[in-house]
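Here the chain labels run A, B, C and D in written order, and each chain numbers its own residues starting at 1.
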């Protein structure tokens, strides 16, 4: 199956390997007339760029985006938007050894079983660089959503056991701290933890949270295309994510109904909710409250410590993975989660435009 | 958007409301030549039938399935299989009052915002009865998977704070205990908890776990159609599910890489893994180990206790929901989760058949 | 592949065999709030009913439709609409012999090659009765289109060499003549031709034309989802159709550019065209003129005359097909072509609602 | 709607405008392990290159393809294959005038109505250059099909009233005559016709035929995804095509059943057909005979002769289109039709791999 295309109305088709000539994305079905320049996209791409702090790999990746189609006179034309980032600083020499064995925690073994061989350089298609296309697409979706008053904001909730304190929430810190934490104190503690893990030739996991505000009620489609179902699919498709929670998430399994139900109340003439255990989603549709989602991210599988594994000849071996790897995936994955949420939400908002027959009729009366 | 169709190769199209004439499913693309009778489907449907114990509503739902197409001389023909269950015991009178207000924890409010009105009888399309079509489709997929040596087995892991003890795992208990727990001691404790919550006019949540064995490595498609991504979407699309975990799930965010990585080892001449933190999925593809997934299910939102909410006139009101409701959703949802996993897995196994060009060429050489 | 589902926004999933228990359709994604009763659907279904004249088979098919879901208080709810027609008058005895051989002009042989066996009763899934689901879906789409001032009108253009005279066009005749011709003189001549062919134990082909008026310019999506491309697929998918023409169709291959180009002119302050060789479609999008499409329909393959063929044992045999068959497919297929055009057009009109970013933004500003 | 993506198993996503930075395609889901180099693609692209004869425009388009992803060690990897052609010789200055008016026979007017504006340079997205991505994708599909003994061969059947003589069919002539005609005498006459039309500042239409041999019976899916339906959609989506015929096509409307039915006969122990009126397709599935399809192509709408039209201010004007235009579209479109047929056929052959349950079971037994 074609596995690199996502969406129903707006379709995102990503391509590219870590050490190929380039990586990119084609966005088909994006509405016409939105102003767009490369800088709009570059800003988001820069948020996933490594080499900016001790929380990331020391590899330099320049990652300059070029828009090749779908823009005319500074605006989207309604036709496919092709964007590309050239791979300029990849050193294939670093990776030759791993061709022969299966790294623990990596996709090497399933890849070989599925396709018979793999592009082993830097993880090939399963490299984190694969997310460049997602973020480029996310930049467009976020921009259109923002013009409807919708804000999609992801950040690091925790790294290892260092968690942010919601009372210290500082949105500006997300893009200025090395951990993408919106709490500068937690950021400092997390950086200490990361440094310790790096010193131990090890890595660490964490949690990314995404909050979406300004979404009207009714977005999402009953049954299989529920908002929470499609958000889960989109975010779980990001490498290293192993669990997804909506609203109170795993806690609900211990709740009683009276604890978990959010009561509706009238607030300034509008329907609102007294609490938000549901994370802004009821019956798979937005309920008008903030949408809250959490993604649990595993520690980087590439660690410098010795590990046992097997090679392609079926022999048990011991390996030491070399190269420059992030000691924690979380900070760079924040913008990826944000992008996936934006892409999914915008697609469902478009679907919702024809939920009522009168909307279709009125559109064509104009 | 069309939100009631799922799948790429085998497409499942479900339909029906709680109190309409009938509910059903059309399965398009199911391979020809598999033996199938109504009893094959009925057995799974009976596992979601209520009224069989104190853990479920006292409503009786007969839920006899009829297969209307796609079967000839006892075998699937390759053409769409239409299956239907008539609604026979629904009492519309019970539900007239709820038309006027929005029940906390239910989809009433988003439904009205989206479509302008709703079939309020018994939850309409967002009733648990919607899952009849899913289970009927799941029965077929499970049967074909079993012929390939694949077992998809879901069960109740916990209800409230009562959790099964893995050392007491008894597979036979899943279908014979009222809680669908594979641990008879935990079942007794959970039934006491349920009775207590019912007495308090309240309800309780729980966790469903699904274990899939016998899956070869390489199933799932890199990037957006990862096995874990599509399983998450499928299971999160079941009403009341609020979190999904693959393998060690939420725990990985506190793990180090050396704790989380599963080492590969040779076992009887085959590649195996020393541990299974990954839950049988690496890089979005099966890795040959058992696939492990957990769904966290919220407590039944329909509770007899008084609740505050708003009505369609925008007034704050207090309500008492009458009717016969499950005090816990989990036991009846077990077979639904099992079905969703089977449908998703089979679909991806079919996609995998052409991963290699030589497979396509060899198929047509025959 | 799932081959019985059509559409992007509104998805039509048809099912059923000629001699199974029933045939039907599930329509997923139809907008909410349109008034609909069974009579709306029955009226169109009655147009494809046989037994009403010498132009059709003498078989009686009652074909009463039941709507099982998706309607509440007389209006569509936005959830899947399931419709069903029970097979009541099928006599399986008539068809037992054809199980053993491959009828010329029929799908018997490819069906066996693909699936290994087939439901041979009355053609099974490849029977003309398969179109019941299409027409039921078409009824809904036509109704919504009519509320936007769009008329989809198909009729018989010719049977054999008897063609209508456009100067005698009488729309009322379409539903009142046995041939579905909008020219009562041509109808009489065509009926004579049909009677002659029937007497010769033979059958005859013909042409169905469809004219769609009231469509605004810009419907259809550049490149693969062009309006003419999707209309062609939809109409060619009707059994017995062997050619499709848009506008002047096959004639354009002999035209010069100056003959074929339609000049634009201002007409009452609006852009119009001096001619309509294009059939209302330019660059795959509607151009504001009437959309004109022609489907060329082959003669009924089931003829009473002797024919040579082979049987399943690989022997050359001579056969005489018994049973009651239409001497011409065209009159009953008119409403099927009309339905397929309506389904396709409505789906693309919905897609067009978000062609401009400002339309999306304005929708959510409301 | 996303309109630039085609296919179910193998998905083709094309992008690019005539005068943008580049044009290209992403192919997602192509099987792994097929040898592929840029030259394989370039050979097909060169067949659509202009400037090679008096039958085409004198514009030079170099059209060198680069493969950016999805290939490793000379073989497809199973991940998306991104291919790109830079636009090097486009002169935007030529096109500035046409921004203000709507050219007859072109998509200018519908484009503006749909999106509010358009990239008017060289036709933008509706330029013939859009087909570069189609042909690049077609090259891969043709290569894999050829490894299964399947030949997809399109050629010019006629230009204006000059038609090939089947008794002079010379396959080698297709790629060596300027008209892509497989009859060298007809080619000479057609070139004279083209020269005459060019001298008259006019253009001419023609017919492309495609013959596919070696396809086993049973390819195509009953009902909406019939082989002929999807071929029609794919070929009709090529700009300038206005009619599609399968087998005897439009002639069948005048045939009787006894004339049109192809009798089955045993030939060297295999089922064959005495004639091939059906064009190799019965009931939407291949019947084992050669597949025959014809596309009727309109004359180039850009002609040097004076034409009346309207401008964006709603004024009637007279225009003379300048620039270098093909006097006939047909010769360069031959390889595009061939590509669309190859893409469609391969996709359906993959779908057919799981038509039987035993095929799925046997695949995983290996």
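As a convention for this text, a residue touches a chain if its C-beta (ideal position, glycine included) is under 8 Å from a C-beta of that chain, and two chains touch if they have at least 3 such contacts.
These numbers come from a predicted model, not from an experiment.
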Contacting chain C as well as chain D are chains A, B
Note: among A-C, B-C or A-B, over half of the C-D contact pairs reappear in A-B
Between A-B and A-D, the pair joined by more C-beta contacts | A-B
Relative to chain D, chain with the most remote C-alpha centre = B
Measuring from the mean C-alpha position of chain B to the mean C-alpha position of chain D, what distance in angstrom results?
-> 44
Geometric centre distance via CA averages, chain D-chain A, whole Å | 38
Would you kindly tell me how far, in whole Å, the mean C-alpha position of chain B lies from that of chain A?
-> 26
Could you tell me which residues belong to chain A and also touch two or more other chains?
-> 1-5, 8-9, 14, 32-33, 78-79, 114-116, 125, 216, 222, 351, 355-356, 358
Pick one for the touching-chains graph, please: line, ring, star, complete, other.
-> complete
Parts of chain B lying in touch with chain A, wherever the complex brings them together = 1-6, 8-9, 14, 102, 104-107, 109-111, 113-116, 125-126, 130, 158, 160-161, 197, 200, 202-207, 216-226, 228-230, 232-234, 236-237, 239, 242-266, 269, 271, 274, 278-279, 282-288, 296-303, 305, 307-310, 314-316, 348, 351-352, 355-356, 358
Note which residues of chain B are touching chain C in the complex, please.
-> 1-5, 7, 9-11, 13-17, 20-24, 26, 28-29, 32-33, 66-70, 72-73, 75, 77-82, 84, 114-119, 124-125
Name, in rising order, each residue of chain C that touches chain A in their complex.
-> 8-9, 31-34, 76, 78-79, 144, 147-148, 216, 222, 349-351, 353-361, 363-365
